[in-house]
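Please read through the structure below; I'll follow up with questions.
The chains carry the letters A, B and C, assigned in the order they are written, with residues numbered from 1 in each.
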Amino acid sequence: MGIVLQQLLNGITIGSFYALIALGYTMVYGVLKLINFAHGELFMSGSYLGLTIISILIGAGLGGEALLWALAGVFIVVMAIVAGLGVGIERVAYRPLRRAGRLPAVVSALGVSIALQNAVMLIYGPRYRVYPKGVIPAIYWQVGGIQISLLQVFVLILSLILMATLYYFIHYTRLGTAVRATALDHDVARLMGIDVDAIVRIIFIIGPALGAAGGIMVGLYYGRINFTLGWGYGLKAFTAAILGGIGNIPGAMVGGMLLGLFETLAAGFIPQGGAWKEAIVFLILILILVVRPTGLLGERVAEKV
Amino acid sequence: MALLEVKNLTKSFGGLVAVNDVSFHLNEGEILGMIGPNGAGKTTVFNLITGIFPPDKGEIRFNGRSLIGLRPHQITELGIARTFQTIRLFPNLTVMENVMAGLHCRTKAGLWASIFQTKAQREEEKFIREKAIECIHFMGLGGLEFELAKNLPFGLQKRLEIARALATNPRILMLDEPAAGLNEQETSELMDLISQLRDRGITIFLIEHDMKVVMGISERIIVLDNGYKIAEGTPEEIQSNPRVIEAYLGKEE
Amino acid sequence: MSAILSQLKSLDRRIVYGALLAAVLLFPLVVRNDYWISTLVFFGIWAILGLSLNIIVGYAGLFQLGHAAFWAVGAYTTAILNIYLKVPILVCLPISALVAAFFAIIISRPILHLRGDYLCIVTIGFGEIVRLFLYNDPFKITGGVNGLRGIARPSIFGLEINTPTAYYYYVLFFVIITILIMQRLENSRLGRAWNYVREDEMAAEAMGIDTVKVKLLAFAIGAAWAGVAGNIYASRYTVIAPETFSFWNSVVMFCIVVLGGSGSIPGVFVGTLGMILLPEVLKSVLSPILEWRLLIFGIAMVVMMIFRPEGLWPHSRYRLELRREETSS
C-alpha cells in the first residue's frame, strides 16, 4: 500500500509538470487552432534559463535562505523572458501565416521547434547540464508511511497556485472571458470589439510562461537537463492536452495529472516499463484520437463537414 | 414509384432540431423546388440525402433502395449528384481537371492499369476527356478548360460546379442555391440551362431563394420552415398559401 | 508566332532534359572519384525516398511526419530475410515493398479521418513507436541499438553489385523507373483523385470519389516505395541501425517534399539537392559551422513558409505551362 501511495505522490508531481506544459498547448490551440510544436522547446528554454540565472546567483555568493527567496525572482524573470520569446515567435513565425492554411503553419512551427532546440544546443552544448544541488533544501517528512520531500511540496504548491490563478483568470475576469470568446470565433470576437491580436499575444505570454515555470521545476526536481528535454516532455504534455480535450483548460490540468499518474504507475509496476514509456504515451495518444477524439472534456478533432 | 422518396426525415444537432419529420417525393423527370426562410433546414435535407451525415429517424429511398448508411461517394455512384451553397470547387486545379473529377466514379482504371497504361486505360482516359469537354461546353465554359478554378469569375464558378456534378452522369441533380449571387442575365441563362438539363432526362431538385427562378422553372415546390415541411404544391398554390406567406413575412398584425 | 515560341520552348526543355540525362549517365565515367560517385548514390536513395513521400504529402496532401518508419520496415525486412533466411537481396525487394505497404495500410486506416495537424502528430507517433520497437528489440530480431550487420549485396545473374560505379547505375535505374512510374500516376485517374482529395476532401467525396480508399492507396504506395529505398539502402551499406530511421530524417524527407515543391517531381529533386547534396558538397567549406546546420534548417523552414510556401519548384504552374503548350501546338 505504501508503495502505491508513494508512486501516486510521485505521479501527481510529474503530472504537475505535464499539466503546466499542456496548458500552453491547449491555450494556443484553443485560440489559434494551431499545434505549437515549439512549445516543448520553450519549456526547455525555461529550464536552461533557470539554470543560468540560479548559477549566476550562486556565483554571486547567494546561498541558503536568501537563495530560496531569490528563487521567486528567478521564476518571475525566466517566465518573463520565455513569455517574450513566445510572443516573438508568434509575431515572426505564426502571425504571417495565420490565413495561409494548415501546411505552412505546421512546417513553420516545426521549423521554430528545430531552430530553438538547436540554438539552445549551440549555446549550452549537447551534454547534460546539472542543476545546482540543494537550492531547495533536501528536507523529507514521513507521513503515513510515505516520504514527502520539500521539493515535492514546493512543486505541487507552486503548480497549484499557477493553475488556480490561470483558472481564475480565464473564468472570472473580463480578459479571460475575451480569451474564451476569441477561442470560439475570431470574427465574432472582433465584432464585439476584442482585439484578437492582443488576445493572441496574451496566450503566447501565459502559455510559454507556464511552460517555463514547469521547466525550472523539472530542473530542480531531476537535477539535470538536456536540450532534447522539450521533445519528450512536449510530446507527453501534448498527449495530456488531448487526453483532457484539446482547447479545454481544466482538461489540460486533468490530463496532465492523469498522464503523470499513469506513467509513474506503469513504470513502477510493469517490467521494462521504462524503456517503452514513450511508445506507450504515443499509443495512448493515437488511441485517444482514434477512439475518443473529444478527450475527456473537449472538442472534435476529425474533419468538420 | 417515385424516383426519390423521403419519409419522416428527422435530424437534430445538439438541442436543435434542424429537420423535423419531413416527407416528400421526387418524380422522375420533374423539377422540384425547395424553398423556405434561412435556417429552415434545406441544406440539411440535401446533406442527409447525399449521406454527409445520417438522419436520426426516417427513410430515404432512391429507386426503392435505401440510402441510409451509405457513404456520399456511393450515393453519387448510384446517380445523385449535388452542388454546394458555398462553392466547393478544387481551387488550384483547372476547369478541365475539376470536371474530370465527376468522371472518377464512372471509370475504373486502378493502380496497375495506370502504371502500365494498358489499352483499356488509355481508352478510358480518352473517354474521360471527351465527356468532360462535353460537359464544359454544355455549361458554356468552352475555351476556359485550362483556367484555374479560383481565377474564374463568380458566375462561371457556379457553372463549373454544375458541370462537374453533371459529369457524374446523375439521374438526380441537386442544386443548392445555384442562382445566389448571379445577376439578371446570368440568372435567366441559368434557368435555360436547368430546363435543358431536365430535357436531357435529369431530374432536378433545387434549393433556391430567388423566387423568379423557383416559380419560373419548378413544376412542384415544397416549403420548409424551422425544420418542418409546411406546404407542397405547384408554384401557383404555394404563392397563395397563407402559411408560406407567414413564414417569410411574419404573421399579419 | 506564339506557336513557334512554344515549339522553341518545348524544344529547349527537351534539350535540357536530354543533356541532363547524358550528364547523369556519363558522370561516373568522366568523374572517376569514388567519393563523389558514392555521394550521388546516397542522393539517389534519398531522391527515391522523397518521391515516395511526395505521393502522400505532395499529391494526396496528407501530413506524414513518420515516413522514416516505412523506410525502416523495408530495410529491416530485407535485412532480416537476408541475414536469417539467406533470401537474395533482389528477391527481398518486392517483399520489402509489400510488407511496408501492408504495414502502412494497417496503421493508417484507423487514423485517416484525422485533420491535418492531428494526423501529423499521430504519424510522428507511429514513426517513434517503430524506432523504439527496433531499438528495444522485444523479439530479439532487430539487433537493438546496434542494428543488423552483414547484409548481402544484390546480385544480378551472378554478377554482384559492389563497386560505387556499379551502385551508381543500379540506383540510377531505380530512380528513373520511379520517376516514370510517378509521372504515369500523376496523370492517371488515381493521381487526379489524390489531387481532388488534397484540394477539398468533402467535395471529392461528394463527387463520387472513395476518399478512404484513395488516401489508403497513397499511404500504401508511398510506403511501398520507401520500402524499396530501404532495401537498396540496406544492401548498399550492409549495416542498418535504428538511429538512421529517426524523426529527424522523417523531417528531412518532409522538408524535401514541401520545400522543394509539394507534388512536383523536379521539386523533389531540388529539395533533395538542398537537404542532402548541398550539405555534403559544402561540408569541407562549412565544417566550422556544420553544427549550425540544423539551426539554419529550422530558420529556413520558417522563412520558406512565409515567403514561398509553394516550394522552390512547385507543381501546378509547371503543369499549367505544359498544358498551354499542348493546346497551342
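The working rule: a residue touches a chain if its C-beta (ideal position, glycine included) is under 8 Å from a C-beta of that chain, and two chains touch if they have at least 3 such contacts.
Because the structure is a prediction, the values reported are computed rather than measured.
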Measuring between Cα centroids, which chain is at the maximum distance from chain A?
B
Per-chain CA centroid nearest to the all-protein CA mean:
C
Averaged over CA atoms, how far is the centre of chain B from the centre of chain C? Could you give it in whole Å?
41
Mean-CA-position distance for chain B and chain A (Å)
49
Distance from chain C to chain A - Cα centre to Cα centre, in angstrom
35
Residues within chain A bordering two or more other chains
305
Where does chain C touch two or more other chains at once, residue-wise?
202
Set of chain B residues in contact with two or more other chains
52
Chain B-facing residues of chain C, complex
181, 184-185, 188-193, 195-196, 199-200, 202-211, 217, 221, 316, 320, 323-324, 327
Considering the complex alone, what residue numbers of chain B touch chain C?
50, 52, 71-73, 76-77, 81-82, 84, 88-94, 97, 100-102, 104-107, 109-111, 114-115, 117, 121, 124-125, 128, 145-146, 148, 164-165, 168
Which residues of chain C touch chain A once you look at their complex with the stated criterion?
61, 63, 65, 110-111, 113-118, 120-122, 124-126, 128-129, 132-133, 136, 201-202, 251, 254-255, 258-259, 262, 291-292, 294-295, 297-302, 304-306, 309
Quick one: in the complex, what on chain A touches chain C?
34-35, 92-93, 96-97, 100-108, 110-119, 121-122, 235, 238, 272, 275-276, 278-279, 282-283, 285-286, 289-290, 293, 301-305
